[in-house]
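One chain, subunit A, links the two complexes that follow: it is found with subunit B in the first and with subunit C in the second.
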Partner chain A sequence: MSNGGIWKTFAEYDRRYVYLALFIVVIGPLLSPIGVPISVSPSTRQYYEVINAVGEGDIVFFTLNTEFSGYNEIQSGIIASMRVFIENGAKIVIAVGHPEATSIPSMIFQDLNKELTENEYVYGEDYISLGYIFPNEAAVAALAEDFQGTVSQDWLGVPTAGTFLDEVKTWKDIDFISDYTTGLATTHVMNHFALRGTPMAVNCIGVMIPSSMNYLDTGVYLALLNSMRGGAELEYLTGHPASGLTAMDAFTFGHYMLIGFIVIGNLGYLMYTRKQTYGRGRKKQ
Partner chain B sequence: MSEIIKTKEFQLSIMLISFLIVFIPYFLDIPALDAVSTKLITIAALVNVFTIALAVSSLVKRNMNFIQRKTRGWYFKAYMLITIVLMLVFSMFGLETGPYHWVMFAVVNPLSSVNYGILAFYMASTSARAFKARNTKAALLLITGVIVLLYQAPLTGTVFPGIEPVALYLTDTFGKAAGKMFLISITVGALVFGVRVLLGNEPSVLGIGGKE
Partner chain C sequence: MTTLIEYSIVAVGSFLAFCMFSTLYGKGNPLYSLAEESYLGFGTGLSIVMNVTYIWKTGILNIMAGDWVLIFAVVLGIMILFRVNSTYSYISRIPIAIVLGAQFGLSLRTIIFSGFIQQIQSVIQPLFSGGTQMLIYNWTIALCVLFMLTFFFYTTEFEGLLKTSSTFGEYLLYASFGAIFAQTFMGRLGLFIGFMQSYTVPSWEKPFLVGSLLLVFGIVYAMDKAGILEKFTPED
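Right, the complex of A and B next:
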């Protein structure tokens, strides 16, 4: 204990205590899930209603504007949303905004293999992966103006001619954009598609929520799914519990732990400063 | 001729014409101009892709120089160049299977995830220690932050449903107001910068800064 007593220790605790506590509250529930109940926020309900309105044959532009690192945070929302689109019979075009994300589509399809089989989805006829086609804003703008002139093959180099992409000439032929983002090309997609009138919904990482909410207000985004928590709520709403709901135990306890440390720090700060002021006052007398 | 091309006026004129070709079709429906605009955007996208090759070329030149001179940490630069070449070679054997696929799944993805995961510890530690009620304003921020944090924990909403309207009020009013302020500031700044570029007040954009 430091010289200032217990209150000073509370006010200036070592950061390693936070690391240790966070490690314990995260690893514990992941190894042995508790299944804490969760509440579903209004924004997630709105998001579910919007993506569930996508109908059979609608062309969905499924854009993964994330690195692999960010994918871990929004994975639950991505899988749950893709499941909804598959069950609704939409035609899905996947594009990614980062070289790291090129491996993500195959992981999504691996996770949803059962749904793809049950709904008789065939690659090329019902879904297609274009790979990394958003290196910059000019590429997104070109795609919106002249889809065929910009993209002519999928991520493995197979020509897209003869697939349902033949119907897509400009931004007008995309029925819905479902974007999953850590930033990257989302603003460009919004500028060249959503602002012209293509319906767009977004699932973003936690730090992007405050700035993204403004686009929801203005109607540019039809709905916003908030980070991993939104993904978990969507899993709950769609009745397919998976990684998102599993992570909610650690998510809950992590938040409570943080609040606990804030309270301890402030209590220590308050008592220690009061003690110092009181001590000085007594010395003066 | 080459002297004319190098002049600031000529380069600015090209930029202004390109800008107008792309800008006007957003507001006026002129099919011929729209077609030219579309073609120009596609050309710009392709040229942009070639800048990646240019970037790799510069990277190799620069780092080879460091390696030859054996500057501090030269082996990291050598390692980087080796991985660039290896990934390029691996990608030629296919993307879905083979060495490229293995490197992505066994090396890049786990490292990327770990990098991201570590941030949680720093963010938790920093926010826990920085959130101190040192004065009235900080106390208000602290109370607001704790309410929103409590609401963000999924369990809280089921135990205390009353927290939802309070947290939503805070994010929908103060949170959004601050967010809008930043977005509007950035947008206005970008507009001003664009106008300054078109007026020739930002010659550095054309790479001719300091030569005037």
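Right, the complex of A and C next:
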């Protein structure tokens, strides 16, 4: 223990202990899940109602405005939402807004292979992957004005002519936008599609929730799914427990750990500074 | 049946990921440098390939299909490359100016809505209709906005009611910063857990996760204790 006693130790603990504790509380529950119960928030119920209202034959623009790191956080929401669209019989156009994300659509379809087979989904007829098509705002604006003039091939270079994308000429022909985002081109998609009237729902990472709430309040977003927590709640609502619900143990313990360190650090600081002041006062007397 | 290539991908991926995490040890180390430089190299390579593919798909193919106006875009793109030559770098200013102009033109048309009107509109809520819970929410939003706005009156001396309002607004700002910090922590924790989860499902990946963790931090700790960490760490 240091010379300042236990309070000084609490006030000035090495931050590496925080990292070590975080590794333990995260990896432990992931290796051996406990099953901490969760509740479903009103915002997730609203999100579920909105995406569940998408009907058979509706064209859904499924936009992944995320890097690979961000995908790990919102993966549960992406998979759960895609499952709802497939079960509802929507036609899905999937596009990405970052070069890193190009392989994500394949991973999603691999995870949902059973649902695709059960609902007799055929690539080109019912769903199509366009790959990386959002390098900047000009590209998104061009897509909204002239979809086919901007994109004529899927991500593998196969022409999209002859697929259901023949029906999509401008933003008006998109029935619903389901956006999954760490930022990137979401604002552009909102500006050039949602603000014109295309219904849009968003699943964003945690740091974006405060800045995204404004668009929910004003009705630009019909619904907002919050981070991994929202994804877990959606898994619970749809009755398909998966990675999101499994992660909630680590999520819960991680937050308890942070609260614990904040309390310890502040208590240590408060007591140590009080001790110093009190000690000086006694010397003067 | 898991193939050798799948094992290799998981082994290399988890090892390099924990090399990245080794920065949390608090000292520069060669494993972190290896992972960092690898990521930058692979990331840059991937970006180049994807962007060239994008130009091919949306530009070159459409030109070959008869959309000749796109030739101007390709020429402007080539002009940007003159930036690397000090003698002719001025040529690159033309396409950069056009790109910036077009970008501002597009943004100005839309940002007025998403960045200004929608932001204000979101705090204008009905104060005398709706359920009790909604009324509490709406009054809270309205009052907090008023208090916090007074904090930003820089040209007026704070006295009396204005000073009280400003002080209260200041504390409300602290509370909102705390909420944003909490959201940020939740987001970062979500990223971390999501990443860790990608190495715990399916379950055969778990030994690679734990093995990489122990291996990387074991190597870094041993090098540190042996006093050779700095010697083998490349300079920035």
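Everything that follows uses one rule, which is that the second predicted complex is superposed on the first by the 285 of 285 C-alpha atoms of A that agree within 3 Å, B and C clash if a C-alpha of one lies under 4 Å from a C-alpha of the other, contacts with A are read in each partner's own complex, and residues count from 1 in each chain.
Keep in mind that, in the parts below, a contact is a pair of C-beta atoms (placed from the backbone, for glycine too) under 8 Å apart; a residue touches a chain by one contact, two chains touch by 3 or more.
Please read all numbers here as calculations on a predicted model, not as lab measurements.
**Q** A:52 in the overlay: touching subunit B, subunit C, both, or neither? Say first, second, both or neither.
**A** neither
**Q** Taking the superposition as given, does A:135 touch the first partner, subunit B, the second, subunit C, both, or neither?
**A** Both partners.
**Q** Look at A:106 in the shared chain and tell me whether it touches subunit B only, subunit C only, both, or neither; answer first, second, both or neither.
**A** first
**Q** Could you say whether A:39 touches subunit B, subunit C, both of them, or neither, answering first, second, both or neither?
**A** first
**Q** Using the superposition on chain A described above, determine whether A:262 touches subunit B (first), subunit C (second), both, or neither.
**A** In the superposed model, A:262 contacts subunit B only, not subunit C.
**Q** Is A:19 touching anything from subunit B or subunit C once the two structures are fitted on A? First, second, both or neither.
**A** So A:19 meets both subunit B and subunit C here.
**Q** Should A:156 be classified as contacting the first partner (subunit B), the second (subunit C), both, or neither?
**A** In the superposition, A:156 touches subunit B alone.
**Q** Touch check for A:217: first (subunit B), second (subunit C), both, or neither?
**A** both
**Q** Just to be sure I read the superposition right, which of the two partners does A:146 touch: subunit B = first, subunit C = second, or both, or neither?
**A** first
**Q** Under the contact rule defined above, give the subunit A residues that sit at the interface with subunit B and also at the interface with subunit C.
**A** The overlap between the subunit B and subunit C interfaces on subunit A comprises residues 15, 19, 22-23, 26, 69-70, 72-73, 100, 102, 135-136, 138-139, 141, 149-150, 210, 213-214, 217, 229, 251, 254-255, 258.
**Q** Give the list of subunit C residues in touch with subunit A in this complex.
**A** Listed in rising order, the residues are 24-26, 43, 46-47, 49-51, 53-54, 57-58, 61-62, 65, 67, 102-103, 106-107, 110-111, 113-114, 118-119, 121-123, 125, 179-180, 183-198, 200-201, 206, 209-210, 213.
**Q** So in the complex, the part of subunit B that touches subunit A is made up of which residues?
**A** Its residues touching subunit A are 37-38, 41-42, 44-45, 47-49, 52, 95-96, 101, 104-105, 108-109, 112-113, 115-117, 120-121, 124-125, 127-129, 131-134, 142, 145-146, 149-150, 152-158, 161, 164, 168, 171-172, 175-176, 178-180, 182-183.
**Q** Can you tell me which positions in subunit A touch subunit C when the two form their complex?
**A** Residues 15-16, 19, 22-23, 26-27, 30-31, 69-75, 99-100, 102, 131-133, 135-139, 141, 149-153, 157, 187, 190-192, 195, 205-210, 213-215, 217-218, 220, 227-229, 243, 246-247, 250-251, 254-255, 258.
**Q** Spell out the part of subunit A that touches subunit B in their complex, as residue ranges.
**A** 13, 15, 18-19, 22-23, 26, 36-39, 41-42, 67-70, 72-73, 100, 102-103, 106, 135-136, 138-139, 141-142, 145-146, 149-150, 155-156, 210-211, 213-214, 217, 229, 232-233, 248, 251-252, 254-259, 261-262, 265-266, 269-270
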